[in-house]
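For reference, the structure is listed below as structure tokens.
As written, the chains take the letters A, B and C, and residue 1 is the first residue of each chain.
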Amino acid sequence: MSTVNHTQEPLLRIAKRDGISRPSAYAIRIVAVVLSLVVSGIFIFAVTKLNPVEVYKAIFDGAFGTSRRSWVTIRDTMMLLCIGVGLAPAFKMKFWNIGAEGQVLIGGVITAGFMRAFGGSVSTPVLLVIMAVASLLAGCVWGVIPAAFKAKWGTNETLFTLMMNYVAIQITSYCVALWENPIGSNTVGVINQQTKAGWFPAVFGQAYGLNVILVLALTVGMFIYLKYSKQGYEISVVGDSQNTARYAGISVKKVTVRTMAISGAICGLAGFIAVAGASHTISTSTAGGRGFTAIIVAWLAQFNTFVMILISLLLVFLQKGAIQIASQFNLNDYASNIITGIILFFILGSEFFINYRVILRGKKEGEVK
Amino acid sequence: MTSAQVIQLLQSAVCFGTVIMFGAIGEILTEKSGNLNLGVPGIMYLGGIAGLAASFFYEFNNPAPNKVVCLLLSFIAAFLASALGGLLYSFLTITLRANQNVTGLTLTIFGGGVANFFGGSLNTMAGGVGQISVAATSSIYRANINNVTDLGVVGKLFLSYGFMVYLAIVVAIVMAWFLNRTRTGLNLRAVGENPATADAAGINVTRYKYLATCIGAGISGMGGLYYTMDYIKGTWANDGTIESLGWLAVALVIFATWRSVNAIWGSYLFGLLFWVYLIIPGLGRKDIELFKMLPYLVTIMVLIAISLRKKRENQPPASLGLPYFREER
Amino acid sequence: METVAAVQLRNITKRFGKVVANNSVSLDINRGEILSLLGENGSGKTTLMNMLAGIYFPDEGEILVNGQPVTIASPKDAFNYGIGMIHQHFKLVDVFTAAENIVLGLEEEGKLNLKAAAAKIDGICEKYGFQIDPNKKIYDMSVSEKQTVEIVKVLYRGADILILDEPTAVLTPQETDRLFDVMRNMKADGKAMIIITHKLHEVMDVSDRVAVLRKGKYIGDVATKDTSPQALTDMMVGHAVTLNINRPEPKDPTPRLEVSGLTVYDAMGVKRLDNVTFTAMGGEILGIAGIAGSGQKELLESVAGLQPISSGTSIRYRPIGHPEDKDGIELVGKTPLQIKQSGVSLAFVPEDRLGMGLVGTMGMTGNMLLRSYRKGHGLFTDRKAPKKLAEEVLTELDVVTPSVNFPVRRLSGGNVQKVLVGREIAQEPSVLMTAYAVRGLDINTSYTIYNLLTEQKLKGVAVVYVGEDLDVLLELCDRILVLCGGQVSGIVDARTTTKEEVGLLMTRFKKEGEPA
């Protein structure tokens, strides 16, 4: 009696990994980053014919060359980190909050409004508290609206939050036109330039000291909230399996709305930090696409807020460096977006090799379990 | 409000609508395969800059450019560059199984970076910001027969546009025919609705997803090409307009409830809503900004309405945004 | 006279890891005949047929179609040999019409012509007596209409060997009768038909020949006219196996959970439970037997507060030491949290362990928290107690895991179940419900679970054990409630009943209108 022949096994087979040790996972990611830097280097060389090593030196110089540059790098890192921290609870719940850009802007707009209105009448510490609370609330509202519709009717949150961004952008444009200063400039100008009312005070002699303290406090706080609080536990359960959540008596709707309130509020606060702690003005580029970049930061960090520090720093470092080489070699700033894109593509692609194994034909798969 | 103003409004609406119509039709094709590509703005950027760069270098090196070459070169370059963007997205999400949303957003960052970087460089080469000009190519894209026929208002309303305005309508109709009336279209919709069922019926899910995403990206990129060649007359500005138009294209897909024929009137309606301030007297500049919010607000309303009514035909493709792997036992 | 069989299976063996799903099965399938493939859950019926349909590939053995050896590596290959299978889970696109689903993926000449397809579909329907509107959307269809679409889809592709996997599980008796009429028409047309089922009266009703599988092995075949339900049951279940499960006498049985008139409809409006009434006693193990999908899941989830329940139902809970004459606590209308807050100590081991009972991405400690994280007034969870509990479960139940923080979804099935059962028992419940508690577990782990349940019984807990292995039910439980089609078809004493009696109760469908 003959045995039926096996059909030809495909050349490459893909199998899910049962788990990979942490060091190997990080090794894969580091390889991905290195490869992406090589590719970026080739790109820069192709465009500029510059020695890539020189270019990377210039990048480092751009990010950390002077004390001021270092502080700008740190300031922007904190900004990106803050939004990423805000997104962490939503993403951990598997709620696609693509609306950070809008939540940041709406928080920034309200901050700028209060700063203009009460700059002369209320002392700066009180004003800062008012602005912080207002921005928290504004971001919260911006986050809760799509969450409530999702919880009640299952409205697609990815597309809803995306649209909310542009509503916020147009509100910002409206306010910029409303508060234009000087007339005809199409900008709000620096608010309270003379009095510095409502500006972050220097801490330890550093203009951006308070930004760092606030954002790092949020980072630690969010880490603890997600990992040790009862609400954080509920978020994890809902994100893993809504059936298990119901089994354990957790109300999925309540958790969805509450978590998005928190997520939106922190993004709103990021807008407050951006306006009161950095630019002291408001424009549609106050968020500057960071709301989108932060999504990628939060995703890649797998919601671990401390890992977000590293990723944010890496991205901002490259951006600042790219801007530096752009001005040094007469290119333009957008080179930084290209490099950011290349690096992110590589890191995204590398996740595959962390989660899956590729098996060549003929090789026996080791018995798992 | 004069009739001239109304005509201008309608013309602006059509031109504006054409940009996002291309973007939306391409994205409809992509989403019908179950891929939610949030890289549309980036892809439109890629299409715009590739078309512009191709004709710029041709015109830059040829004092007397051949118009047919201008057209073919820019058109093919734009399509290929955008389709390449789609290929990158497909490779990451389908083969490497990366998350669709994150990959799409990265593509938007990357495409915007590439376009503005080279756009800025071209401007520099051409002698300064706003100096880049591909007059010969742009004139082909903007050629219309209204001047020849002179039919008055009718001519102004229907014949005063470059050929891509009509091409967009044709593509939308062909797309509807393809999706609803052909075997391949039926198979593609099955892939986006229920890939496991499609797989069981012998349909190559991976191939369909790749092709739909790449060709869809190519069509979306035409929106960028139309924008640079016709809408802003063969120039380049690093002002982020394409990005906001790209997101409107994504919004239009929802508004059209994934039907390309709806995208025709939907896009013109978006254009109308965007430009409606032109005919409202006494508006300040700030009020105009509020009016520009309308397309997004309308889209949110539609999004809520379709989730409320739960009419099955209006829902997004059932597997939209979800990866598909055949179960391995 | 007898021509060559349509399909011949020769010594087919299929393994999944260490489990042998089919062990050297040989079987002939003839044209113009309806063959019943009979066997208990897990006896390998569906696996065997899936190899004919190109879903799985046999590890050993040979398949012949019309006497020729063939290789069936994909559903497409199966179609090419005229083999079509109607699966239990329909593979249909909801927003498409029947006609669109039927032509999906076909590589016919020319352009898509749904009108021509509809005409062809009408022709098929007329020939065999189906009723189906080619232009109706799937989402508007009843389950039986969807099944018809699946059958027509297979016929449209020219199949003359049809496999139906438990086609009647989702049908009403009237729909079943109609399906059988159609099957007889197809038989008269010379098609070969295989129906997978474990309902004996249907086997007797429709088939010409019965082939029986038990635990992956081919037991034999008989002509339907020469056999009886009793003889088939004996072939299907085999002789009772002695398992030597320790079964002490019930300890002071007292009513704990009084369920009366429980009726449940699912989201599609299909009645899943029909007027179910019983009492679970503290100090005993109540077994629940029934073929898959007879309402077991709905029954347990109703008690746990996870199912919308129709009016007129009452589920009363009597705490330990509660006076007999007083009413207990009503559970109907309460959410899981309210049930817990009203002082009911209810433990539930659901069928879907990772999808419902556990959080797969968390370790043992995190999963212990699921029942206790609300404890204390502060904002933060207490991690010490669950960690201690996790360590206790780990040592007492011998859970094999690198650490108490290792994600449970990466543990083997037996260890996952130990974590789940360990946590539920640690609540010190007064009611413990388990669904298929030993499914997929090895012998040793199964006995560990049996012993844990018996321990709970001796503590006075009311244990409800939903099981599929009759031998286990007979030796572990004190009483057995048998569900059939959402109704209670009997409650028997596990010590005195026989496997055959329970088997018959499981398959005894009451037609509507008959007294319960």
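Going forward, contacts are C-beta pairs under 8 Å (C-beta built on N, C-alpha and C of every residue); 3 or more make two chains touch, one makes a residue touch a chain.
Keep in mind the model is a prediction, meaning the values are calculated, not measured.
Novice: Can you name the chain whose C-alpha mean lies closest to the mean of all the C-alpha atoms?
Specialist: A
Novice: Give the chain pair, either A-C or B-C, that is connected by more C-beta contacts.
Specialist: A-C is joined by more C-beta pairs in contact.
Novice: Just how far, in Å, is the C-alpha centre of chain B from the one of chain A?
Specialist: 27
Novice: For chain B and chain C, what's the span in angstrom between their mean Cα positions?
Specialist: 49
Novice: Return the distance between the CA-based centres of chain A and chain C, expressed in whole Å.
Specialist: Once rounded, the distance between the two centres reads 46 Å.
Novice: Give the list of chain C residues in touch with chain A in this complex.
Specialist: Those residues of chain C that touch chain A are 10-11, 17, 57-58, 60-63, 69, 71, 73, 304, 306, 335-337, 339-340, 348, 350, 352, 354-362, 366, 369-371, 373-374, 379-381, 383, 407, 410, 412.
Novice: Under the stated contact criterion, what part of chain A meets chain C in this complex?
Specialist: Listed in rising order, the residues of chain A that touch chain C are 1-7, 18-19, 228-231, 233-234, 236-237, 240-241, 243-244, 246-251, 369.
Novice: Along chain C, where are the residues that touch chain B in the complex?
Specialist: Residues 16, 56, 74-76, 79, 91-96, 100, 103-106, 108, 111-112, 137, 139 of chain C touch chain B in their complex.
Novice: What does chain B use to touch chain C in their complex?
Specialist: It comes out as residues 181-183, 185-187, 189-190, 193-194, 196-198, 200-203, 312-313, 315, 318, 329.
Novice: Quick one: which bits of chain B touch chain A in the complex? Just the residue numbers, please.
Specialist: Within the complex, chain B touches chain A at residues 36, 38, 88, 92, 96-99, 101-103, 105-117, 120-121, 124, 238, 244, 247-248, 250-251, 254, 284-290, 292-293, 296-297, 299-300, 303-304, 307-308, 316, 321, 328.
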